[in-house]
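Data first, discussion second: the structure below is written as structure tokens.
As written, the chains take the letters A, B, C, D, E and F, and residue 1 is the first residue of each chain.
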Amino acid sequence: MRENGLKILWRDGKSAVNGWLGIPSSFSAEIMAQAGWDSLTIDMQHGIVGYQTAVTMLQAISTTDVVPMVRVPWLEPGIIMKSLDAGAYGVICPMISNRAQAEELISYCRYAPAGTRSFGPVRAMIYGGADYPQRADDTVLAIAMIETAEAMDNLEEIIGTPGLDAVYIGPSDLSLALGHPPRQDWPDGPVYEAQERILAVAKRHGVVAGIHNVTAEYALRMIKLGFQLVTIASDTRLLGVKAAAEVATVRQGLAG
Amino acid sequence: MRENGLKILWRDGKSAVNGWLGIPSSFSAEIMAQAGWDSLTIDMQHGIVGYQTAVTMLQAISTTDVVPMVRVPWLEPGIIMKSLDAGAYGVICPMISNRAQAEELISYCRYAPAGTRSFGPVRAMIYGGADYPQRADDTVLAIAMIETAEAMDNLEEIIGTPGLDAVYIGPSDLSLALGHPPRQDWPDGPVYEAQERILAVAKRHGVVAGIHNVTAEYALRMIKLGFQLVTIASDTRLLGVKAAAEVATVRQGLAG
Amino acid sequence: MRENGLKILWRDGKSAVNGWLGIPSSFSAEIMAQAGWDSLTIDMQHGIVGYQTAVTMLQAISTTDVVPMVRVPWLEPGIIMKSLDAGAYGVICPMISNRAQAEELISYCRYAPAGTRSFGPVRAMIYGGADYPQRADDTVLAIAMIETAEAMDNLEEIIGTPGLDAVYIGPSDLSLALGHPPRQDWPDGPVYEAQERILAVAKRHGVVAGIHNVTAEYALRMIKLGFQLVTIASDTRLLGVKAAAEVATVRQGLAG
Amino acid sequence: MRENGLKILWRDGKSAVNGWLGIPSSFSAEIMAQAGWDSLTIDMQHGIVGYQTAVTMLQAISTTDVVPMVRVPWLEPGIIMKSLDAGAYGVICPMISNRAQAEELISYCRYAPAGTRSFGPVRAMIYGGADYPQRADDTVLAIAMIETAEAMDNLEEIIGTPGLDAVYIGPSDLSLALGHPPRQDWPDGPVYEAQERILAVAKRHGVVAGIHNVTAEYALRMIKLGFQLVTIASDTRLLGVKAAAEVATVRQGLAG
Amino acid sequence: MRENGLKILWRDGKSAVNGWLGIPSSFSAEIMAQAGWDSLTIDMQHGIVGYQTAVTMLQAISTTDVVPMVRVPWLEPGIIMKSLDAGAYGVICPMISNRAQAEELISYCRYAPAGTRSFGPVRAMIYGGADYPQRADDTVLAIAMIETAEAMDNLEEIIGTPGLDAVYIGPSDLSLALGHPPRQDWPDGPVYEAQERILAVAKRHGVVAGIHNVTAEYALRMIKLGFQLVTIASDTRLLGVKAAAEVATVRQGLAG
Amino acid sequence: MRENGLKILWRDGKSAVNGWLGIPSSFSAEIMAQAGWDSLTIDMQHGIVGYQTAVTMLQAISTTDVVPMVRVPWLEPGIIMKSLDAGAYGVICPMISNRAQAEELISYCRYAPAGTRSFGPVRAMIYGGADYPQRADDTVLAIAMIETAEAMDNLEEIIGTPGLDAVYIGPSDLSLALGHPPRQDWPDGPVYEAQERILAVAKRHGVVAGIHNVTAEYALRMIKLGFQLVTIASDTRLLGVKAAAEVATVRQGLAG
């Protein structure tokens, strides 16, 4: 079976640089897959991507060695299992707030008797290989987002859930949860400290910690702190920011 | 009828900054439409965009005041007229090489008796307004690309074609036509000089000159030379370049 | 932030005339958006519309000032939040039967600490504006459908739920719930009386009442009764009825 | 092979009532297919319909006995033959202006040695039956639109082209061609007289005459004149007009 | 109302041969609909099919008399009801493990007061006919998959649920549930015996038993055992196996 | 640049086994790409595939080493160049009947000064590599179909066209051209002899000869004759035949 590149990186103590796909297009996905990321996550939650389009994006990513993941809209078994059957090698699930939810997420990602995932890896076997049935449970990543007030109260229980591969911080929701405006890349302050606390608990449990970031600079800082799954912005933001900057350069050149 | 913003800019002697859409998605188009461009051109030639998707992109652009244009795949009447009916306010046609082709292009963009465009502006009337039938011929832009060796031999005849709104240089094809490797943003040399010559002929005929560029800096230089329709890169390139740069920043930070 | 036109109408004591979209096409949506409605609701429940298509329909509506809403398939958080992130300014949720469900619905439409909506308004910020994060909770409508027997038993509790913007009657399901064949536009009788009762409770709680209707005449009557959100038929019905009528006119003219 | 219902109607001296599809959706097509039309024409010229969507619309029509036709964007062999292979039982081609073009059109619709249509009726055999190869040439309709000034000069030559099944008048383009504003349903005047002249020539040649109309009333009048293929409006217009009328009824009721 | 062909077969004591659709395309669905199946099931769980595509596949099947069914991704009311509204005549629901789940499934497929299905059969009435509202509850099949360890413990309770039309065995998941590798077409052994046991309980309750098979040979054997709903492979498998066999024939011929 | 695997096979005197894609789906394409073919040709002529879908199919093929080709609808420059820009490594063009058409085809596949292909390999550079501009002309295959009576008269001229990589026989059209019913896999007779003649001329000119076949057996025979590009059936036929055979096995088993 094709190995999960993120597991290899993590086994070696390295960090994975993750890209984020919110544009519903297999071609933008293919462009992103050429940019040097270790993994790409199709955002089916806040991204503008439905299932059918996501499949073509998974195919586009499969033209390379980049590890394909999805963020699912919610802790709902239908879409989680469909994403895995379509070949996702990791599921990032938002808003996991307690142990029961964490167990549910993991259950959806593992076959019986370990979990409740239904068997039928129609595209996943093409992507992963003929021994996918035997090795999927050890290959596919179950990743819980930590971003609610309730989750902060249940950190140990969530992160200690057997079978959880990683936790992933959504700083905007975490900000709201802690009574702050929704933003990312906090330089310090209570949200930053909560991030550190999550990282510390994860380290203690031997669970990988990940975080969503806007800039490469902040992502780098997070890696140095110990995060091993760092995302930089998203295709929507990269495109919007770069385009606006180019236009501004011309406008300023004309005005100057 | 909704006026064509490019015509207003040109009437005032200004230049239009044009964005380029090769990603087949109405959402990336909407993101681009927020970035400050004067116009956006959906590239149905080298972009990865078919007609049905292009329509949703035209709709996305129509949520703003940005002028929607298309580059068509070839001098083929079916797709040119379909694009206009879908609400494009300008048609950039590749590889116009002689007077007859220029006349053909203009003919496809004008109703009888001025041309051979067939009547049925099903979406164009929604976008343009109820008097579209009366005013379309004066509003919709017919733009001929100058990029072949034959065109360089027929510059005066092409640019002098009555009804032509603008010419648009494709530097890569022009490079090949002149025996050079396909590239853009030539700082000087024979392709650069050909660009200047096209501009000069256009100026003499009172026809707007446009050019495809990679960088904002070169686009700015072209505006200062007198080009009034300058494109910067494309969504595909902006996304790919920006993404690769972000990843590289992290990788270098880790290596450093 | 772009204001919610329905809130303005309601603040002024006026009623909103709402159109209904069941055809999965951004172009039929754009045609409907030209017809004079105050709002348009994309029906993701009984309409033939999936999420990815719904986004292009939201874009099409965004070319106008018509307020975009969705009816979601069920009280399921994934699709409710995805719809809001895509720019819907209102969510109509079917089959709300008790206070807990009403609270759940509202929760999915509000950010922490008011609710459990996850933050990531990727398209909603484009549509609504940069201050969407601050003002979304006061702008986005949470609307509960009243159409089950259980709901009729829990009217006060449901309608009194803090944060509920409106209730919306689905007469067909309400008919079934009360033991009658599924129809709309009841002239009188028990379903009609149930409608009146829902309206009365809503009025007492200061909550807007809405209702689904087939004909303009009935919608008008409902407005005069006090309903402030009235829907007329749907694009599927308008098209089917009008087409059949035109054909019949010819057939009868030939037979006559 | 499934017979062509239009041929049966015409053989019996009857007229066919044709619907027109400009909304790119298999579901609006299926709704229209329930409305009583003899045939439905997917408008790939001025309608907002590309090839891939058109196929799903042909499938939707195939759930009924309504005869499926297409109007192609232009006299271009690629799309004409693709439409036939997808199961269209008739091709309406715009802007046929002379004998050579009429011959070309017919040629694209007939197999060798009668024509130049390439063999591969992949979906057409499913729709038509196993003997499609033997009977297609006698079943599939080649219909030339008469709507240009040049065509009016070449009426006899065009209509007399062997193998032409019908001519079809596009009144808007014909109006422009004759120096009038583009409209349909002319009550009298030069365009009306041109319509009569086309009909007369067609009758003399034993070729069916068809015409595009806005209203059922006008279509009825045209049938009584002798036209055997009459279209009423289009789905886009039926929907837009009906929706606007319903909204207006409510607005007026409130104002009154 | 159009009758459900499976009910007729079963009433007569016959078995239905069911095809399985995992390719997301209305054209492959139409090809399959020509192959002689009694019914076709669109697999929205492990198949690569989302809702919007499934609708076009239902339309394609509706060009024939083959009975259209869906397998839904999970026991989630949104997608179950949407599938029925789109015209599915049967719902196969995975992983039903106890009486409560079976009741929930049936409830989603029946209108009040029998169940909780919401009324709005927008496409289903086109497919089924005008009396769909009255007859749907007796026509639409609710089919529970038996494939978990918990279900084996609750066989009587599940199969005895009033209103359940059939049970359907998923041998791969059942294998996992019983501690065996996921496979189908077991010739004997514990999974085979479990299949027999499920059949026996179904027979005792007068409920139809169905099973998923790989080969026609095994399906035939299952029919002879008493299964009345037998599936053979899937379009994805049929295509993949047949293609590989053809290539192998050539390769071997060359090597031989 | 990624080499063209067909060129390598041919250079070594071997034959390529080619699959044929007429189902418009990236997933059926991916399944076919796993079946062992040397190349896959997306049939945009008689297949039910439009451009936008074809791109996703090219991406699916790109997950493997199978060489991606397209058959274009006609000798039309727009779609030929769009296909190449999307990453096709070969273009099979139908109905080439004379030297001028062959030259035109080749011209569309080659950059200036060798041809008239316009420069903009947006996806092709991703697939082929950074040196695509320099090496494309030597990598991309231009393949002319020989299938008309006129072509049989111009065999030498067509096949002798400089730059032509291969000819490809369409037996059905060739049958019609020679006055026979359209079929493939002729065991002998005039069409068979014409095939031999085409092969002989191709051999003499050092041009690869290819042929479309239904069965593996015939394809094998053709390879042994000297054809170096042999297609077996198509996905549509493989699926339809295999499905019908499976159903028949069950029906016969029951009847027996």
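Note that a residue touches a chain if its C-beta (ideal position, glycine included) is under 8 Å from a C-beta of that chain, and two chains touch if they have at least 3 such contacts.
Worth saying up front: this structure is predicted, and the values here are computed from it rather than measured.
Looking at the partners of chain C and chain D together, the chains they share are B, E.
Of all chains, the one whose mean C-alpha position sits at the greatest distance from that of chain A is D.
Chain copies chain A and chain E are related through a rotation whose angle, from the C-alpha fit, is 120° to the nearest 5.
Just to note, of A-F and B-D, the chains joined by more C-beta pairs in contact are B-D. Shared numbers divided by all numbers used gives the overlap of an interface; between chain D and chain F this overlap falls below half, so the copies present different residues. Chain B and chain C have Cα centroids separated by 41 Å.
Averaged Cα coordinates give chain A a centre that lies 34 Å from the centre of chain C. Taking the mean of the C-alpha atoms as each chain's centre, chain A and chain D sit 52 Å apart.
Among the residues of chain B, those in touch with two or more other chains are 22, 24, 27, 31, 34, 48, 50, 52, 55, 76, 79, 123, 236. Which chains touch which is summed up as A-B, A-C, A-E, A-F, B-C, B-D, B-F, C-D, C-E, D-E, D-F, E-F.
Contact residues on chain B toward chain C in their complex (touch as defined above): 26-27, 30-31, 34, 55-56, 59-60, 62-63, 123, 126-127. Of all residues in chain C, only 22, 24, 43-50, 52-53, 72-74, 76, 79, 94-95, 147-149, 170, 172-173, 176-177, 179, 181-182, 234, 236 touch chain E in the complex they form.
Within the complex formed with chain C, the residues of chain E that make contact are 50-52, 55, 76-79, 81-82, 85-86, 111-113, 116, 118-123, 133-134. On chain A, the positions that touch chain B within their shared complex are 15, 17, 19, 22-25, 27-28, 31-32, 34-37, 48, 215-217, 219-220, 223, 230, 232-233, 235-236, 238-251, 253-254.
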